[in-house]
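You will see two complexes here that share subunit A, one where it goes with subunit B and one where it goes with subunit C.
Entry: the complex of A and B
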């Protein structure tokens, strides 16, 4: 089995046949293990810089990316590992990058907050909150001008949802009728500030109305709900029906960044979500109880993913650092 | 070859590149002008009329935008990463304040942050400069800020011939280019070939040869230097004028060669004096040509104030031929005798 087969969904799965379900599970499991392992490794002090984990939100990345082809594009957030894995970025290359190594997906020059692979249609995690939505408008324009059926999806948090770039981009996408989907991952906190305060706790999807586009709220823990809403919006965009806004209500399992003591969170908040709403648990219950997949098939994926992540971390720790001459390369194309 | 205005040269460059390459797409506020309106389409062709007539020839390659610079400048970056060669118009460079993140944190950094995988072939055309009583928020010369940022190229043509050749080169370039158009120069005319041609980015031009003093002049300031040079020649002072044409990359070698020959430097820059091209070029020359210098480098710039509205103040604000000539005379009168 090749590494890319191990890592997760790579094909477009509009219908949830068995292969699609296995891919979706593998994607979510890969993200979860990647993030849980980073959480542990970060605590050892070996991982430099800022790391923002996506654990808890996996169903969103998996649900959207199941509808995307390799030449569709996504723009991400600080919390970009999940989108990258689900979009098909090389998992080991990502791990090397987060360790700052030369074999990293960005040659060690981007790190966790700028993890990207344009060859996979991944326009980057983004260190600027609200940085991504204008970029996907450009991809949408490109698809329109070149006459392709490509779509572009921007992921933004509930914090980013209040940036002017997001409003401007929704309006531009609407004015230009772009094949763009704006996804708001509302995990309840903009860093440490509650969405209940920063957006008055409203359904952010309501803002779609102001930009003349459909807006829906879905449960971001439920892969099937996300997959269905994403499918509808992406199909509409591919067919020339213009942009959509989808708000996924979800929870993050860790802090804003690693090292965040999270004293702003409620008592047992995360524990309760893990017990009641964990996306991997819900998925497993649903597919096994419906007889679509059996436990052994899912366990096998768990094992394969565990081995992949173990290998990725081991290799990343041993991998060579970037060489000094790389400091000044790749600033310009021409010199 | 025929006489064309700076504005016509830019329009022709855009038209010829849109014709050559259907992925060259032009957009900005009122670049068509009239989209969705009950009256005429292509009513404006840009606020100054630079893009007038392009819609008629290329209706699928030019778009009006909402007044949302962050969104459409960022869209240019996203489009450039996904198969287009966008030419976005930031109407006045003063408006960089509402969209700078998309320029300096996004477009400029993709290639480096993504380990060399990104190409971002986009051009931002933008208008700069004082002289039309447009006041503090529509008159600045902010090119030093862009020149400061690694990953951006900065182009600033001083005449119609260069405007066409540099714009075509900028559109064909694979890096993000900020293309500065001086609003006062739009009407000036010069000989411009009808066919497409390019001027390489990073090659300065010696506009006038002379032995006594090197003047490095930027954009519209080249014409101020030329006027000063004519009056100085009457007094027996021969200046050499270097027009860098692009500020990033900067053709340092041509500047150094000239200063090695003349031993004296005056930099004429319409921007604010601190952290400007004038201070940067003076510093570079001081570091690299010290042993050839006969006098300290001199800077002729705007004062460290916002551009004023009143004509009587604005005319004092912009460097003029007299100020340039005075600076040259001062430098000739200073320092070690040659």
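Entry: the complex of A and C
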């Protein structure tokens, strides 16, 4: 592990001991700082391509990945930075990638929406809405055939939840009892379309009934709620209990993409969530009032993460771009 | 109580569209009704109300599949010639901002209070019933219907019959004989009185975080206080119910202290949740008299109300539970229908 991989991100934490709590906080803080910084840096015009920020949704990535081993699989969305960091992708390598630099984890040719690291079980961010669920059926089937206890987790938004790929994947995973967990990150908007405009019924989790799998709703701002539900779904999948659907109700702090004017959102909508439900704030309040961690330990993580992100951005700006000779490398996979 | 007559009788409807998707779906075979079924339940309830002369239903808006399903059924019913003969109450939605939080229920109840509804039907689980019990006028009769398999307080009832019973009470044709004054457990935290409440059980457990809310790991429960306890119930109260059956009409409640089965003088086999039968170690059981306050043993963990973790507590927090005999007023559907039979209230064709 390099120093810019988030410590603990690849360690399995089924019980929330002190080390697990510190790792969870570090994961969430790293994602938050990474995203907040990209929000600022993107506005300068220095970053190529599109960027979709995960700020506000950190508890979901941290809560799920805490139960995963390095060889478990994750398929992400276009909003993939948080999943990648929590799954253990190199933070600097990700920043280089987003800046389109040769040292990026995909050699600077993928950018934000294609961050992938198969060595870490990160099958990739994905520009295709609803693209993750079919991929986890593939790796889930592979794990089942090989007889391992690996699991695969796909993340999809409330918009993606209406895609045919998601329904087909849920059906297949259920029919074949695949060790797969379908996570719906319901942040209320498919790009700019509020959920009520595009579907009847507010709980996507209820669709699980149609595929004979459990469907659960959790508060996606609450690390502890996510961690508990994720733990049960993942344990169930590892033991051969088949797939589950977990819907996390959450809010995103920024627009669909950077530059989105967000005219579709309510006045003070985000401010109110930040004040009342912010996952980092709630986590800090609860672990300190329960006497499990003290403020100084968390402040230290804040400082370390800030330095890591500063360094990552500084180095990414200075790093060399891919050379033209590399244009046609890594285009096709050879087995 | 309004009399059946020229004045239109209104009944309130609170249906929680979000109830029933908690972690119990993963750890046991507990099942719940979806929003489509909840909408159908309201329709059937309205048919029952209409049959006995209730003219209006005032419903909390639910921007979800629940209202859609109700509206579709109502539209379809109006087109059918058979249905045209059937008196249906007017459906009116409470004008309010919908937040998709517990505030919706509180706001809707306030408006129903202002409008003087003659009764309120509650569709949901224990959590929804608890919120209604705290925020509804103590003199408004409630009909609480369960929308899932793992509830301690609301009953599993066919909504059509519950609608008839509620309508008979709302129109004044049946009175106190079919109403039941429930007990309620008032929870005080650090001297703050009535911070929250439970209708059936309060359970201290060592889960530090409210987390996914449902209390489903029996080894972590150290103490329970129940307002009633039936041996044929499912859930935490069944522990007390197997020790000393205590009906809803009994004046007292029970306080049970638990220990791990290997250290317990008594070990019970308990259906703790649908699909979950476990050994539970009992150290001591005692009665809780009306107005008596039980101080819960301090410790780190959380307090669950009617089976859901609600309050996180540290070693210095003081939690006290008081058995209040003046809880919500509920409609005893079985008794109401017996009265209807005895007095011939449903004799004759529909008006």
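Keep this in mind: the second predicted complex is superposed on the first by the 324 of 335 C-alpha atoms of A that agree within 3 Å, B and C clash if a C-alpha of one lies under 4 Å from a C-alpha of the other, contacts with A are read in each partner's own complex, and residues count from 1 in each chain.
We take it that contacts are C-beta pairs under 8 Å (C-beta built on N, C-alpha and C of every residue); 3 or more make two chains touch, one makes a residue touch a chain.
This structure is a prediction, so every number in the text was calculated from the model and none was measured.
Visitor: Once the two structures are overlaid on subunit A, check if subunit B and subunit C clash or fit side by side.
Guide: They fit: once the shared chain is superposed, the two partners occupy separate space.
Visitor: Which partner chains sit in contact with A:214 here, subunit B, subunit C, both or neither? Use first/second/both/neither.
Guide: second
Visitor: Going by the contact rule set out at the top, does A:291 touch subunit B (first), subunit C (second), both, or neither?
Guide: second
Visitor: Can A:331 be said to touch subunit B (first), subunit C (second), both, or neither?
Guide: Touch status of A:331: first partner only.
Visitor: Which of the two partners, first being subunit B and second being subunit C, lies in contact with A:117: first, second, both, or neither?
Guide: first
Visitor: With the two structures laid over each other on chain A, which partner does A:35 touch: subunit B (first), subunit C (second), both, or neither?
Guide: In the superposed model, A:35 contacts neither subunit B nor subunit C.
Visitor: Contact-wise, after the overlay, does A:58 reach subunit B, subunit C, both or neither (first, second, both, neither)?
Guide: Touch partners of A:58: none, neither subunit B nor subunit C.
Visitor: Which partner, once the models are overlaid, touches more of subunit A's residues, subunit C or subunit B?
Guide: Counting contacted residues of subunit A, the larger count belongs to B.
Visitor: Aligned on chain A, what is the least Cα gap between subunit B and subunit C? Give it in whole Å.
Guide: Superposed on chain A, the two chains' closest C-alpha atoms are separated by 24 Å.
Visitor: Per the definitions at the top, what is the overlap between the subunit A residues touching subunit B and those touching subunit C?
Guide: Touching subunit B and subunit C on subunit A: no residues.
Visitor: What part of subunit A is in contact with subunit B in the complex they form?
Guide: Per the touch definition, subunit A meets subunit B at residues 73, 75, 104-110, 114, 116-119, 123-124, 126-128, 131, 133-139, 141-143, 145-146, 150, 152, 164-165, 168-169, 171-172, 175-176, 329-335.
Visitor: Give every residue of subunit A touching subunit C within the complex, in rising order.
Guide: By the definition above, subunit A touches subunit C via 16, 196, 200-203, 205-206, 208-209, 214-218, 222, 224-225, 227-229, 232-233, 236, 244, 247, 286, 289-292.
Visitor: Under the touch definition given earlier, write down the residues of subunit C that touch subunit A in their complex.
Guide: Its residues touching subunit A are 17-18, 21-23, 25-27, 34-36, 63-66, 68, 100, 208-213, 300, 312, 314-315.
Visitor: Please give the residue numbers of subunit B that touch subunit A in the complex, ascending.
Guide: The contact residues of subunit B facing subunit A are 22-23, 25, 27, 60-61, 63, 65-66, 68, 70-84, 86, 101-102, 105-106, 109-119, 150-151, 153, 173-175, 201, 249.
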